[in-house]
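Two complexes come next, and they have one chain in common, chain A, joined by chain B in the first and chain C in the second.
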Partner chain A sequence: MTRYVLMRLIQGVITVWFIATATFFVMHNIPGNPLQNEKAVSEQVQKKLEEKYGLDKNVVVQYGIYMWNMIRGDFGLSFKQEERPVNKIIAERFPVSAILGVLAIVIAGMGGVLWGALTALYRNRWPDVVIIILVILGISVPSFVFATVGQLGIVVANRMLGFELLPVAGWGTIWHMLVPALVLGLGTMAFLTRLMRTSMLEIVNADYIRTARSKGVPVAQIFAKHQFRNAILPVVTVLGPSIAAITTGGFVVENVFAIPGLGRTFVEAVQQSDYTVIMGTTVFYGAFLVLMVIVVDLVYALIDPRVRLQ
Partner chain B sequence: MVDAVQAPKSSVSTSSVWQLVKYALLALLLMFVLLTSLHFVTLRLGIGTESHAAVDFENNSITLNLGSEPPQLDSTRSTDMVSGQVLGHVMEGLIRYGPNNEILPGMATSWEVSELKGTFYLREDAFWSDGTPVTAHDFVFAWQTVLKPETASQYSFILYPLKNAEAIDNEEMAVETLGATALNDYTLQVDLEQPTPYFIKLLAFFTYLPINEEFYNSRERKYGTNAEDLIYNGPFVISKWQHGSRLRLEKNHTYWNKEETLLDAIDFGYILSDPTATINLFATEKIVMAGLQAENIERALANGWPIKEHVDGSVFYLGFNHREERPSSNRNLRKAIQLVCDPEELVYKVLKTPGNRPGESIFPVWLKGVEGLFRDEYPAPKHERNIELAQQYLANALNELGLAEPPRLTFLTGDSEFSTKHAEYYQNLFKQNLGIEVRIDQQTFSQRLAKMTSGDYDIVAAGWGPDYDDVLTFGDLFTSWNLNNRGLFKNDELDRNVQIAQQSSDARTRMEAMDRVQHILYEEAAIIFEYERGSSYVADDRVQGITRRAVGTDPDFTRAYLVKPETE
Partner chain C sequence: MTELSFKPTTVASDIEQTSRPSLSYWQDAFIRLVANKRAITSLVVIILLIIFAFIAPHVFWTIKHDVQNLDRTSEPPWINRKAMVLPDQDDWQDVHVAAAIGEHRAPTVLEVVGEPTTSRVRLKWEPVPNAYGYRIYRNIVEPSEDTPLGLSMGVNEAGTHVSFEDRLAIRQKPYWYSVVALDEDGTEFEAAKTINVRPQLAITVSEALTLTKADNVQPGDTVSLFWHPLGTDYLGRDMLARLMKGAQVSLTIGIVAPLLFMILGIIIGSVSGYFGGMVDAGLMRFTDFVIALPFLLFMILFKLLFVPSGDTENWMSNFQEWLGIEGGMLAMVVALVLLSWPGIARLVRGEVLKIREQGYVEASKLLGAPNSWLIGRHMIPNTMGVVLVSFTFAVPATIFTEAFLSFIGMGVVPPTPSWGSMCNDGIRTMEMYPHELLFPALFISITVLAFNLLGDGLRDALDARMRSRE
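This part shows the complex of A and B:
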């Protein structure tokens, strides 16, 4: 077990190193750089700027310096939010994205499992049909549509009620989180619902269910202990990548609801070619995702006694 | 009752459903616990917006949205409009602009300016927010800092009228030789490199703002990065700056003219760029002003919001790549393209948002001329769409270029939805009328700039906003020495005329030279005038005294005040 975890961690470090290296060189090879501005500057000023930020050095040397600093846990200073350390930016912004992400993933996970189980119980009857139509909508409609519609919904509700039920945008209290988290989790919830439904229906015909039934186990117990628990396993498997998708995919939602999260910071950095922030967030997210996948694998072993970690 | 587990198709086991309901209740409970704990975590982190009403009569304050966050607020290094807007509320230079763009005394109460020299007499009742007086040294220090190599200021060029400024910027002379001297604490003497008739108008620009040397040095490199790393001499101070979410301004009680500041606080409570989300905030009375895009105009009309228009001062045009190896360097080809374009069609049928104005010249209509407005005194070149003539020009161009078919052109533009629509309009226009194939190249901002600089395009969608209130802010754009002339247009007559306007102190001579410039640009089809940008916006009627400007702080809330609506 320890050996397994250790191996996975080493693999993870290699993955992150690879991500960092690839990002670094791709980033430096696309046209444009963070020192460019609408108003052109003289060669002298350009040179001064490049010297100040170390961009006058050879790319390989820059890579070496960057990697050395990164190993020591220093992501450098932002180019655009001048003089602000990237570490500090991540430390400020990530908790916001994480809170939103946790909430979204819990909504998606619990909702998906429950709706999925419900559709399986009511297979081919109206609750099943209604939910499956909603699932198709949830999977196919992009999140920026949900975000806009969700926000408009708050506006209309507030106006009809005559008082502020939920804030339209912003961050800071429980009320600010509800709709953004729901919007963020909706796609994943739809996907998990479908997965849970399929998995439930597959298990209905399994041998151990028939055995349990013939032993005279009460229906509710068969449902809870055998069918439901076993059906959840595939859901747990995809939860890892889903956490990835949700915590990084928050850009649109963060943008529409004016949430000061890391997803928004990342996309803005890409648009402005803010090298250090792009690198910092990419490496940070990369490490975070690798870690999440490892954690999910470990959790899997806990739920499913058949899985042995080697 | 048949068990669902055995025969799922027939009927549903109620006991299984009950089990599921139990799970659901458990899930809800868990959700509740999670929400509550996340709520407290968020409160502890202290990141967030406090939800205020758009207009708060009790605290005499307003709430606004900021389109983006200022990268930092060190005036020697600022470049963007949002930083300019915030600095315009918390700092003050030697002069300031009044509600009608007239020049008013700021830190200087009076001044004498001759051809090569200026003397500014500073007020003795001006203080920084920490109580120290604002002196002539603060200006000398700030201007020298702009030109220091370690500052690497991108706006240093705006200081070039000062004696030796350009040489210092190029590290050929020491910063101490700059033509700005504090004769005593309250007298500032300025020496100019050459006669600069518009010098006084430059002084309101943020790069010319003063900085307190002692405070600047005490913050080392962090000056301007946080609310507590700045001191202020303007109508407001920044009382709170939460990166990514909020910037709050409060009335500065050490400001010399505080009687004219009528609001107690301006709260930029949101940092949000999404236009529809901004309108939603306005609709729920969370902010007092919101920009209107085409997609939200109907909604504004349906709600009966008062729609206002504002000329934001910038001019948009299609720039050609004049490098020899490009087909767009051929004048006949450019003329052909020019003659199929119709700015009115573009503005009224493609852009559609109210406020824009068809482009006729590089000089927008609001610029001042000799006595009145420049464009009234010197009308823009006449333009009319003429497809037949355009095709003749095209035939000549193909002849000169030795081509059998019209060349394929690359149209470089931005990555927004608007850019797509705009580029596709021209793609169609050129294809239908001239048979020219256009390849649209959409790039992010910095990549587009890189391609413009390296010359990797034929036509580019470009624009220019004014830095100061004089014709030259647009007039020198296409001189051979201007680095922003990224298409490398070169015309000796134009260069000569710009030099005249830079040095002459006679208004008429200057304006006549600029009139030549607008005609040369049209005759040579150096660029194609598209539109003067105007914006439409909705604003809360309970806030009055907001100034919109083409040059300088915009929107300007320094003189804004609240008006209680009459009770019904």
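This part shows the complex of A and C:
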């Protein structure tokens, strides 16, 4: 077990190194100059600026400095936000995205398991049909449409009630998070519902269910103890990739609802060609995803005794 | 017992026969697919979408997608197109009357002169005693006691000047005009007179001659304006034409990119699976790395890398021009191919590893089949099933990615429309003109749904093990 965890961590570190290297070289070859401005700058100032950010040095030297700083956990200074370290920006913005993401995952996971179990329980009756139609909608409508419709829903509700039931945009309280988290989790919820349904229906025919039934175990107990618990396993496996899907979904939701998260920071940084912020955010996100995949694998091994770690 | 005791029997002709002809894998799959109504409906929808994107703009709807008409912006499809024709020269004299006597603080009468139209609304009112001028307001909702009167449209600087002509961007919807009298210092009186006006669509004679096919138009006639079946966008461009162009962009990226990364994935996966050993280990490590890259972030980075910023020319833009495609589509396809191949490579590798151990491959090898025969006859045809299924699921995923990137402004370059960028444009005006968001969103949803259902059907038809339970 310890050996496995260690191996995975070493692999993870190598992967993060690859991500960092790829990011560095992609960024380095992007046409245009991050220090270019609308304002014309004298050659001397330009030189000074390049010196300050180390852009006057050889590519290999720059790569070395960049890597060395990254190992020490330093992503450098932002190009566009005067003198602010990228670390500080990430430290400020990431918790926002993380809270939103966790809330979305909780909503998606609970909703998906619940709806999936319901559809399997009411197979081919109206609750099943209604939920399946909603699932198809959830899978085929883009998240930005949900986000806009959700926001419009808040506006209309506030207007009809005559007071502010929920804030339309921004960040701060739990009330700001509810609708964005729901919108963010919708796609994943639809996907999980479908998965849960399939997995529930597969298990109905399992030997141990038949045995339990022939022993005369009450239906409710079979459902809770055997069917439901076993059906949840595949749902846990896809939670890892779902975390990635939810972080990407965060781009849109954070933009529509004006939430100061990391996704919005990245989009803004790209629009302003703030190279250090782009690199820092990308490497940080990559490292975070790598870590999440490892964690999910370990959790899965813990709950499913059949999985042996090698 | 003699020989005569034995009688020859008649030969029974009905030898047992197989009840139906044997079917190949693909024949069987085809029969299953055709029996699946949902999958076939989806296939028909997809074919219709392809016709909509690539044939319809040349045959049925040849309107240009980038022609702006700032007089007809954000028109929903259900708008009234009957327009009144007004003379080209249509000046109106200000109305001046004698000062009024009495006690009232707001005009007693406020009326519209002539027909209110989208080119002008003319108001006239009874003068207010002791007024030194009037201010005219316009609102799109009915003003009440505690809501404002709306936008200030102008000020008349004499108590005897009791007319006003509004020519400012009038649309076909109700307006509430209010007139308030002003005192010597320009301070408003406390009372106002409000009137509800519903302007009618109107164009001038010369506009009518250019905008419609009519060749003899008189002032006072009614003409029908050009029909935009799905309305217009915020620059007055025809939505149907833009949706067609957007369909071209979205479907081209959505089909070409998966096709290319499938090919790359198949090559890498089959080489890796077939040769095994060091080659396999190396390629698979690389695959793991590429999978670990944060997809959307790198999509955006690659897009920055491949699209020339500003006027700099590079090989990419030259190649794109040579291909005759526009708006950064090539950059997006290249980025998608570079980032999306690992999934299919892993899948194909797994299949090849499995097939390599099969009895029929062993038999073929023993009979002296060369590598090329093994790959061409056994490996590739037997992996085609899973590849085809993944392709059908990759198309909607790619269309989503494209829409998503265009939505946050990192996709195709304007003015080339894609469904995603059209949604982005539509969102700004969605409360007033929902059709600008509704139609592109609907097209994305229908396309994604159709490909997903077709994929489900194909999976059920091609591979019994992957069959979904629904």
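As a convention for this text, the second predicted complex is superposed on the first by the 299 of 310 C-alpha atoms of A that agree within 3 Å, B and C clash if a C-alpha of one lies under 4 Å from a C-alpha of the other, contacts with A are read in each partner's own complex, and residues count from 1 in each chain.
One rule holds in what follows: a residue touches a chain if its C-beta (ideal position, glycine included) is under 8 Å from a C-beta of that chain, and two chains touch if they have at least 3 such contacts.
None of the values given here were measured: they were computed from a predicted structure.
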item: Fit or clash between chain C and chain B when superposed on chain A; value: clash
item: Contacts of A:Ile30 with chain B and chain C, given as first, second, both or neither; value: both
item: First (chain B), second (chain C), both or neither touched by A:Phe266; value: second
item: First, second, both or neither for A:Ile65, with chain B first and chain C second; value: neither
item: Chain touching more of chain A, residue-wise (chain B, chain C); value: B
item: Touching partner for A:Thr281 - first (chain B), second (chain C), both, neither; value: second
item: Chain B versus chain C as contact partner of A:Asn255, first or second or both or neither; value: both
item: Partner chain in contact with A:Val141 - chain B first, chain C second, else both or neither; value: second
item: Touched partner set for A:Gly172, first chain B, second chain C, both or neither; value: first
item: Touched partner set for A:Ile303, first chain B, second chain C, both or neither; value: neither
item: Touching partner for A:Leu201 - first (chain B), second (chain C), both, neither; value: both
item: Candidates 440-448, 476-484 or 530-538 of chain B: the single one with C-alpha clashes against chain C; value: 440-448
item: Common interface residues of chain A - those touching chain B in one complex and chain C in the other; value: 30-32, 148, 152, 155, 201, 255-256, 270-271
item: In the complex with chain A, residue positions of chain C that touch it; value: 288-289, 292-298, 300-302, 304-305, 308-310, 312, 314, 396, 400, 403-404, 407-410, 420, 423-424, 427, 430-431, 437, 441, 444-446, 448-449, 452, 468-470
item: Chain B-facing residues of chain A, complex; value: 30-34, 36-42, 44-45, 48-49, 51-52, 80-84, 89, 92-93, 95-96, 99, 102-103, 106-107, 110, 114, 117-118, 120-125, 148, 151-152, 154-155, 158-159, 164, 167-174, 176-178, 201, 204, 209, 213, 218-220, 222-224, 227-228, 255-258, 260, 264-265, 270-273
item: Sites on chain B touched by chain A in the complex; value: 3-6, 8-9, 12-13, 15-20, 23-24, 27, 30-31, 34-36, 38-39, 41-43, 45, 47-51, 65, 69, 71-72, 74, 77, 79, 149-150, 152-157, 169-171, 221-222, 225, 242-245, 269-274, 276-277, 280-281, 283-284, 286, 443-451, 453-454, 456, 482-484, 486
item: Touching residues (chain side chain A, partner chain C) in the complex; value: 11, 15, 18-19, 22-23, 26-27, 29-32, 132, 136-137, 139-145, 148, 152, 155, 197-198, 201-202, 244, 247-248, 251-252, 255-256, 266-267, 270-271, 278, 281-282, 285-286, 289-290, 293
